[in-house]
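Next come the structures, one after another.
Two complexes are shown next, each including chain A; its partner changes from chain B in the first to chain C in the second.
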Partner chain A sequence: MSSHAEKTVPLGGPLITPVTLTLAALTGIAAVILLIRFIFGIGAVTNVNDGYSWGIWVVYDVMAGSAFACGGYAIALMVYIFNKGEYHPLVRPALLGSLFGYTLAGASVIFDLGRYWNTWHIFMPPWAQVNSVMFEVAVCITLYIGVMWIEFSPAFLERFGRKDLKQKLSKWMFLFIGLGVLLPSMHQSSLGSLLIVFGTQINPLWQTLMLPAIFLMTAITVGYAVVIFESCLSASGFKRPFELDLITRLSKVMWGFLVVYLVMRSVDLTWRGAWGEAFKFNVMALCFWIEMMGFILPVILLAKPANRRRPDRLLISAVSLIVGTLMLRLNGFLIGYNTGPGWYYFPSLPELLVTIGIIAAEILGYIVLVRWLPILPKVEPAKTAR
Partner chain B sequence: MKITDLNALRNAAELQAIESRLNVSRRDFLKLCAALAATMGLPAGAEAAIVQAVATKQRPSVIWLHFQECTGCTESLLRAEHPTLEKLILDIISLDYHETLFAAAGHQAEAARKAAMKQHKGKYVLVVEGAIPTKDGGVYCKVGGQTAVNMLKECAKDAAAVIAIGSCASWGGMPSTGPNPTGSSSVAEVLGKTVVTIPGCPPSPYNFLATVVHFLTFGKLPDIDHLGRPKFAYSRLIHENCERRAHFDAGRFALEFGDAGHRAGYCLYKLGCKGPETYANCPTLGFGDVGEVSWPVGCGHPCIGCTEKGVGFAKPIHALAELKSVAPPLGFPRVDEDKGKGFDFASAAALAAIAGAAAAGTAKVAQNLGKGVPMESDHDSGATP
Partner chain C sequence: MKTTRRQFLQGAMAGGAALTLGATPPEAQARPNLTMPPKALGLLYDSTLCIGCKACVAACKESNGLPPEFSTEDHLWDTAKDLSGKTKNVIKMYKDGNGTQKDRETDGYAFIKHSCLHCVDPSCVSACPVSAMQKDPVTGIVSYDEKSCIGCRYCVVACPFGVPRFQYDTPFPKIVKCELCNHLKTGDKYQYSACAQVCPTGATLYGPTDLLMQEAKRRVALKPGAISKFERGQIGSGNTHETVVKAQYLPRIYGDHELGGTQVLKISAVPMEKLGMPELPERSFASISETLQHSLYGWLAFPAVVLGGLVIAAKRTSRPDDEDKV
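Then we have the complex of A and B:
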């Protein structure tokens, strides 16, 4: 499996199953709510207000969603920048996850913008505010979505038998792969910079000039976690052999990143004297510890090399890291964000259902595409038969 | 040598000479030059060039003509309360002909004009105040027996630059208001070419001064728009920088003179303020040197659009302005905005259900992975649990 030229094939199998039907139903519910949102306005379905001008559609779907979609970025970093070719079988499945995550994150921004019809202004020089962090994020994410579709296009071209096009594209692919590594590094750190601008409205546990580094580090780490998570789920769901060796090696890299991250985070909290906030008896402190446990638990679980060969430990570590990253973003952008006395925000049921629907759409799309397009590496019959 | 740093001029002899020549402190003089550079939006370093030019250069000869006007432009220049302005006006330029300020009279005065024109041929600056009547051979305005049209053409021929000051000279102003019995025309119309115009009734003296100082410093007049107005002063609508703009955006309007809104300083748009269709820098510069609110809108009177042809003296003062840049919003924020709700049962339950399902699913899959799923490994199968 360590050769670059491994074969990827469509998985095949039934598209209509109880799982896909459930996912489709959840997606449908979200679609109906979004229809209501587009007809009657954003106030009709969400709890956002003048104090909290964004809710979970932005914080989960964009901030956390795009971090979870960093699998493609993290793997590309490893394969193409650090030249670890043995991870190549993970590229396409990881990229597919990223593609969905980012495309839907981009779509979610449109759902969340009150005057979504003005969105195109961002890309028009007379309107663009080039000194804004938000502008950087918007342009960078849009570009990256485009770049990812191009990176992923060989899978489509193979399916449709367009060898000629694929050949031409492959000459230029290095450019898009380069961009595919550069762009997420830019906007994942900028997502952190966004918070710096909020100043003292953010609790000291999260308000630091290290935010860009913190967000970038967690995006890369969670990228590996998501790849492990996807690999576990497709092994379990599609009854495929688990890519244990590859995942074990990947988890070692992830563990290293995690340790560096935790050291950085702790030193920063100590340096700024912010630890006091963590020991107060309030929701923010509680959520801080949930977040930190999400990062600490995998460090403990995967500390012994032998444990990195235990699939259950790997999965729990990956999930725990995903929870930690989610909490970091939720904490920074909502829970630890105080816009002034009297303002409240808690997602409404329709808001939650849209977010659930978007997650369902991602999983559904993933299942359909791996069954239909050559994404997962071919499994040699001798091994499956075991 | 081009000097771009004020510090380099700290001990310059010219500056010490200025102190005695203008009877102003060196500090006041530097402040004024810096303010002029800022008024024109010139880059850093221009203030030093202005200081040098004002302090050392040969003063340009200026011939100032008066036609159909009220002398308000001249008055506003002279009444400027800035401590050094009138001194500077008279000191940085050599005012060789100005009917209001001349001690000479009659043929003596006209002789002085002719002498200055001859001596500074091609180098003098011609400033025109007032409109020029063109009907019936221009007989409605004569100076020393010469018609205004004639005199303007004669003086403009050898001028290095022509500046039309005030709305009358710029576009006809008040005298040209319909039915315009004397055929009042602007300088540009009579000369048939674009000239620099400083419209306003009266215009801000600083806009005029800045224009002259620009000419003195850089040897050319500042950038102008299609109507000949210096861009530094006339490129923005009054509405854009108005101190009452926030009231406009929030829908707070004075509806009558003296009503509660008027007394509270609300937007004057509905009283007929022409700020939304008038280009001038009044809100940023103020007027009359007595502080920030000293300009019509600041004092509570709607702008009458005096700098704008077709608006000032043409539209009734109470008439609504045409909104050139922005329309008032269709909806205004409520007085009491919703401040958001805490969590409700349904969404909290949904959130708990998601968390529970995710935890249970993870546990189930983890268990499953540990037992039922085959492992793909490069090592022998003994390594897998």
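Then we have the complex of A and C:
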């Protein structure tokens, strides 16, 4: 368990670079568009309409964005629950990605809420409507963001030299770790359950009581995919050694989850007799297969254990899974959603720029924090040669 | 602590299977469809009596204080083409071929009224996270409270009839939907649903849903050529007119079973799907969704058990002497 005791240190280095400046500019553009949205209304900058009232600000920023932020959850599930202490060097970077992904997903909800000044009603007894799936999602995501900041606080406490507080907190950390696994399990599955009440408006390829399991399993697998993706980027972007040994073993777990997922998805489609929809000559069937290929491809690419040591295969698998997970959410909420004839939706440019700005803010925050706080494992000279 | 590939896969498979099972609801706590409230109020819309005059559309706007909506160049007339953030009630037209004969499916035309159906088990009420959509326990009227609403539009996307609409062109938007004119007070110009009150032919009739159902059954049994009396305004008003039945009613009463029934009923001579009314099962979507939620989260029993297991696992794995633990 040598890696378990590995030290994390601030990366240091310049904060103002062409990359960070570009990211800041993209964030700024999004901020200006959002200002227009808050002055003139949602329709002033987006293409959402009464047929497709939820656009990419909901389906990408919240649904997909929070799934992509499941790295911390997926790693925590493995490290603490499967008792795999050796993944420890991955915990803090993954948790940071999750912290940013979720905080921004949570914050970006406000941009899309028409009557955002009433948001607090969700948490208050006279208004809170416990039968609503949306209620469950909102409460769970909010709690999880709080739990993640607590889980992450040792990094801040180290930076500010508060070892005493850090030690007190560490005695109770197991409680927050437990919550940090429970809460995402609850709301990631509920993001799927949101679709149940849509009923027959959703194509049978995506309308099933297995939705909570489908969304949960894909959130976990994409969590691992994002960790692999981040490791690859971090290795090339920050010129750090690639954590190949850990990533290889992590990809085994991911592969196992993927096989379970595909079996479950196929059995469910067979059970409900929904396969016919997949072989129609239409956009829904096409998008279904793009989604499915996103999950099937990594299963094939990483089937041989030897291939799990090949960074190219790992990266392609991770990207493929990210695409599949995104497609599942787009399919369920937009492409497979038929609200009647005459409706059409494709995001407007300002709408896309806000989503891009949110992603940019996320990457920018990640870069700034790993340079400033002890998040990434210290690179020993001996290990660099690995 | 080395782990073999085999152990790893077993762990991953077991974890996946456990999560899958955990997320699958048992049938035991099924929440059945809600049932018709004791004094349910609604409307009966008879497509064969409708002459497409749109007096109901104008009266609805007046009664609800909604602005006109323009679809013509000159911006002179309120010409709403669909329900919207400015329109709670609209008359649409079906036309086939040369569209010469009323209430005929081929080479004919027919009218259809679109407004809230006041479902017995409404999806919008089940979806709303902040109780802004409420179904009155006595009258069953589905009402909306802007003071509660957060503008998430889950009701807009969930409603299978496409009824709740949102205002996209204002920084302070609201949801707009028919509330069966439940805001009216004595002394107001309109005394009950404005659309029914102004309808000149009794195509839109207001009243208790059980009486409306009786009247619907009576009407669909009428044969073409028969002479019959039709009530106007509200049921029991005594304001009737006598006319010849010109079209052959279809036996279907839309709203008698769709999603467990609706308080607004519709009858016609042209099939409902042609008029834009969706085919829906009897089991309400709200009941399916709530059965799932209650199975997973009833009394928070299931999450509590899972949390217990997770905390024990986390405590066993983490060691307080570990400096590096996050």
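The rule is short, and it goes like this: the second predicted complex is superposed on the first by the 381 of 386 C-alpha atoms of A that agree within 3 Å, B and C clash if a C-alpha of one lies under 4 Å from a C-alpha of the other, contacts with A are read in each partner's own complex, and residues count from 1 in each chain.
Everything that follows uses one rule, which is that a contact is a pair of C-beta atoms (placed from the backbone, for glycine too) under 8 Å apart; a residue touches a chain by one contact, two chains touch by 3 or more.
Bear in mind that the values here come from a model prediction, so they are computed numbers and not experimental data.
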{"item": "When chain B and chain C are modelled together on chain A, clash or fit", "value": "clash"}
{"item": "Which superposed partner A:253 touches (first chain B, second chain C, both, neither)", "value": "second"}
{"item": "Contacts of A:127 with chain B and chain C, given as first, second, both or neither", "value": "second"}
{"item": "First (chain B), second (chain C), both or neither touched by A:105", "value": "neither"}
{"item": "Which of chain B and chain C A:315 touches, first, second, both or neither", "value": "first"}
{"item": "Touched partner set for A:8, first chain B, second chain C, both or neither", "value": "second"}
{"item": "When both partners are placed on the shared chain, which of chain B and chain C touches more of chain A", "value": "C"}
{"item": "Touched partner set for A:292, first chain B, second chain C, both or neither", "value": "neither"}
{"item": "Touched partner set for A:222, first chain B, second chain C, both or neither", "value": "neither"}
{"item": "Which superposed partner A:141 touches (first chain B, second chain C, both, neither)", "value": "neither"}
{"item": "First (chain B), second (chain C), both or neither touched by A:205", "value": "neither"}
{"item": "Steric overlap of chain C with chain B in the superposed model, located at which of 5-13, 59-67, 113-121 or 167-175", "value": "59-67"}
{"item": "Interface residues of chain A shared between complexes with chain B and chain C", "value": "1, 48-52"}
{"item": "Chain A to chain C touching residues, read off their complex", "value": "1, 4-8, 38-44, 46, 48-54, 77, 79-86, 88, 91-92, 95, 112-116, 118-119, 121-122, 126-136, 138, 151-152, 154-155, 170-171, 173-175, 177-179, 181-182, 185-186, 189, 193-194, 196-201, 209-210, 212-213, 216-217, 220, 249, 252-257, 259-261, 264, 305, 337, 339-340"}
{"item": "For the chain A and chain B complex, residues of the former touching the latter", "value": "1, 47-52, 232-233, 235-236, 239, 241-245, 309-312, 315-316, 319, 342-349, 351-353, 356, 379, 383-384, 386"}
{"item": "Chain A-facing residues of chain C, complex", "value": "1, 3, 5, 8-9, 11-13, 15-17, 19-20, 22-25, 82-85, 123, 126-132, 146-154, 156-158, 160, 162, 165-174, 259, 276, 278-281, 285-286, 288-290, 292-294, 296-297, 303, 306-307, 310-311, 313-318, 320, 322-326"}
{"item": "Touching residues (chain side chain B, partner chain A) in the complex", "value": "333, 337-344, 346-348, 350-351, 354, 358, 362, 365-370, 373-379, 381, 383-385"}
